[in-house]
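Going in written order, the chains are labelled A, B, C and D, and every chain counts its residues from 1.
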Amino acid sequence: MSVTLEDARRVIAAAEAKADEVGQPMNIAVVDAGGNLVAHIRQDGAWIGSVDISISKAWTSRAFDISTKDLGDNSQPGKQFFGIHTTNGGRVAIFAGGIPLSRDGVVVGAVGVSGGSGEQDHAVAEAGAAGF
Amino acid sequence: MSVTLEDARRVIAAAEAKADEVGQPMNIAVVDAGGNLVAHIRQDGAWIGSVDISISKAWTSRAFDISTKDLGDNSQPGKQFFGIHTTNGGRVAIFAGGIPLSRDGVVVGAVGVSGGSGEQDHAVAEAGAAGF
Amino acid sequence: MSVTLEDARRVIAAAEAKADEVGQPMNIAVVDAGGNLVAHIRQDGAWIGSVDISISKAWTSRAFDISTKDLGDNSQPGKQFFGIHTTNGGRVAIFAGGIPLSRDGVVVGAVGVSGGSGEQDHAVAEAGAAGF
Amino acid sequence: MSVTLEDARRVIAAAEAKADEVGQPMNIAVVDAGGNLVAHIRQDGAWIGSVDISISKAWTSRAFDISTKDLGDNSQPGKQFFGIHTTNGGRVAIFAGGIPLSRDGVVVGAVGVSGGSGEQDHAVAEAGAAGF
């Protein structure tokens, strides 16, 4: 009931295909049910600052069972979770690109994508999640 | 004049009962007069990202003798404490769920709750504080 | 196949009983299969510096599926893992008190104890693990 | 003159084959000339505490253009680099498993392996480097 390396590679392959289609090189990370990294890849030319962000997005999506896009909506100034981004040692990502991976209705991991606009990152993560 | 383990367990039991009633699994933490953790529990199915947040909320409420909800109101952009959430290594929580524990009008500890909406977290923390 | 809150409380109760017998107040922490905290208690009078250590010991024992006592033996100067204690953000504990929790031969969590001598911590952790 | 994702995957595949032969599941990471992560995989059942260590070993080997085994020999108490493991935020690994990747005599990246004994980690890293 978690994410195997084979699962992670399938998710990453689906996300890579989407990133190629979008034309923006990406960092793609997959974590398991415990939030621990299973696999990460950085496509050639993708931002080096996005290595950490892709992993943080994946972790965040599993840690709160929510997309980082939706968490971000709730974490703006004046909203109920504003300030959450400094908790957990700063690894809570509150912008689009992280999506939970579910099996039989239960979140068992997550994928995190970073390398382009929020819209691009989210679209690539969605493609990855669909590959799961 | 602090919080014993027995006190903390009573607070946690009261908070757990409320969380069960609300139907949302929670992380519940209690700190003593020194802001140091006395006890923490994560209910089955509660978010793993909320372990740290529940402890941070409890610490914050004792560190500033205020509920994190009220501190949050004063920490929005443009308000007097905006930016406080990155101090103290990032463990100042500025959203609802942390409440001081008082004895004879003196704050001697705090309870922190994380796992649901801000409203739910605050309600469960209030139930915990009432159990003190 | 992980550690529930009920499991954690049973482990903590067994460890507490042993700590009382030893006569040394302890911090006792339990983590699940993902290394995430399930429950922690600090007995009255136990060292506040041991809050973090008990959690780190539990995390370490699950992270490497080994007791921190045995890991420590391999992490002394000149040994194969010397230096491991600064990895993972410094939360690798290499002294006695952390013991894996196994079910059907698989490590599914761990208990960490801190508050006395290495021998005492290890004995209390063993009692906790036996209660699992 | 660096390490592409295709290179990293070839290195990882070679290392995985060796890990399978050794019979010990491993974390395998590859960094580029800038020391930044290109790819990481955790084989099913490999230690979660070794995610960070595999990346740190790869980073260390590129950061100092040396195997972590050799760096470790020079970093024991009394030796010229003793204490280096706490620098760089603690991510300098001084035990076997990290090996530089060279092209035309120039170090252009590194591979880091963690999951078994120092001897096993080093052997798997060597297999990975040979695949480069």
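As a convention for this text, a residue touches a chain if its C-beta (ideal position, glycine included) is under 8 Å from a C-beta of that chain, and two chains touch if they have at least 3 such contacts.
In UniProt terms, the chains line up like this: A, B, C, D = Heme-binding protein.
Owing to the predicted nature of the structure, the values given are computational and were not obtained by experimental measurement.
J.: Mind checking chain A against chain B and telling me if their interface is mostly the same residue numbers on each side, over half, or mostly different?
T.: The interface of chain A with chain B is built from mostly unshared positions.
J.: How many Å are there between the centre of chain A and the centre of chain B, using C-alpha atoms for each centre?
T.: 28
J.: Could you please state the distance in Å, as a whole number, between where the Cα atoms of chain B are centred and where those of chain C are centred?
T.: Roughly 25 Å, centre to centre.
J.: Roughly how far is chain B from chain D, going centre to centre by Cα mean, in whole Å?
T.: Inter-chain centre distance comes to 41 Å.
J.: Taking each residue of chain A in turn, which ones touch at least two of the other chains?
T.: Residues 34-36, 89 of chain A touch two or more partner chains.
J.: If every chain is a node and each touching pair gets an edge, what shape is that graph: line, ring, star, complete or other?
T.: Chain contacts: none of line, ring, star or complete; other.
J.: What chain pairs are in touch here?
T.: Every pair of chains in contact is listed here: A-B, A-C, A-D, B-C, C-D.
J.: Name, in rising order, each residue of chain B that touches chain A in their complex.
T.: Touching chain A from chain B are residues 47-50, 52-53, 56, 72, 75-77, 85-86, 90-96, 117-119.
J.: In the complex, go through chain C and note every residue touching chain B.
T.: For chain C paired with chain B, touching residues are 4-5, 8, 34, 36-44, 48, 51.
J.: Quick check: in the complex, which residue numbers of chain C touch chain D?
T.: For chain C paired with chain D, touching residues are 34-35, 59-60, 62-65, 77-78, 80-84, 86-90, 92.
J.: Of all residues in chain C, which touch chain A in the complex?
T.: On the chain C side, the touching residues are 1, 32-36, 89.
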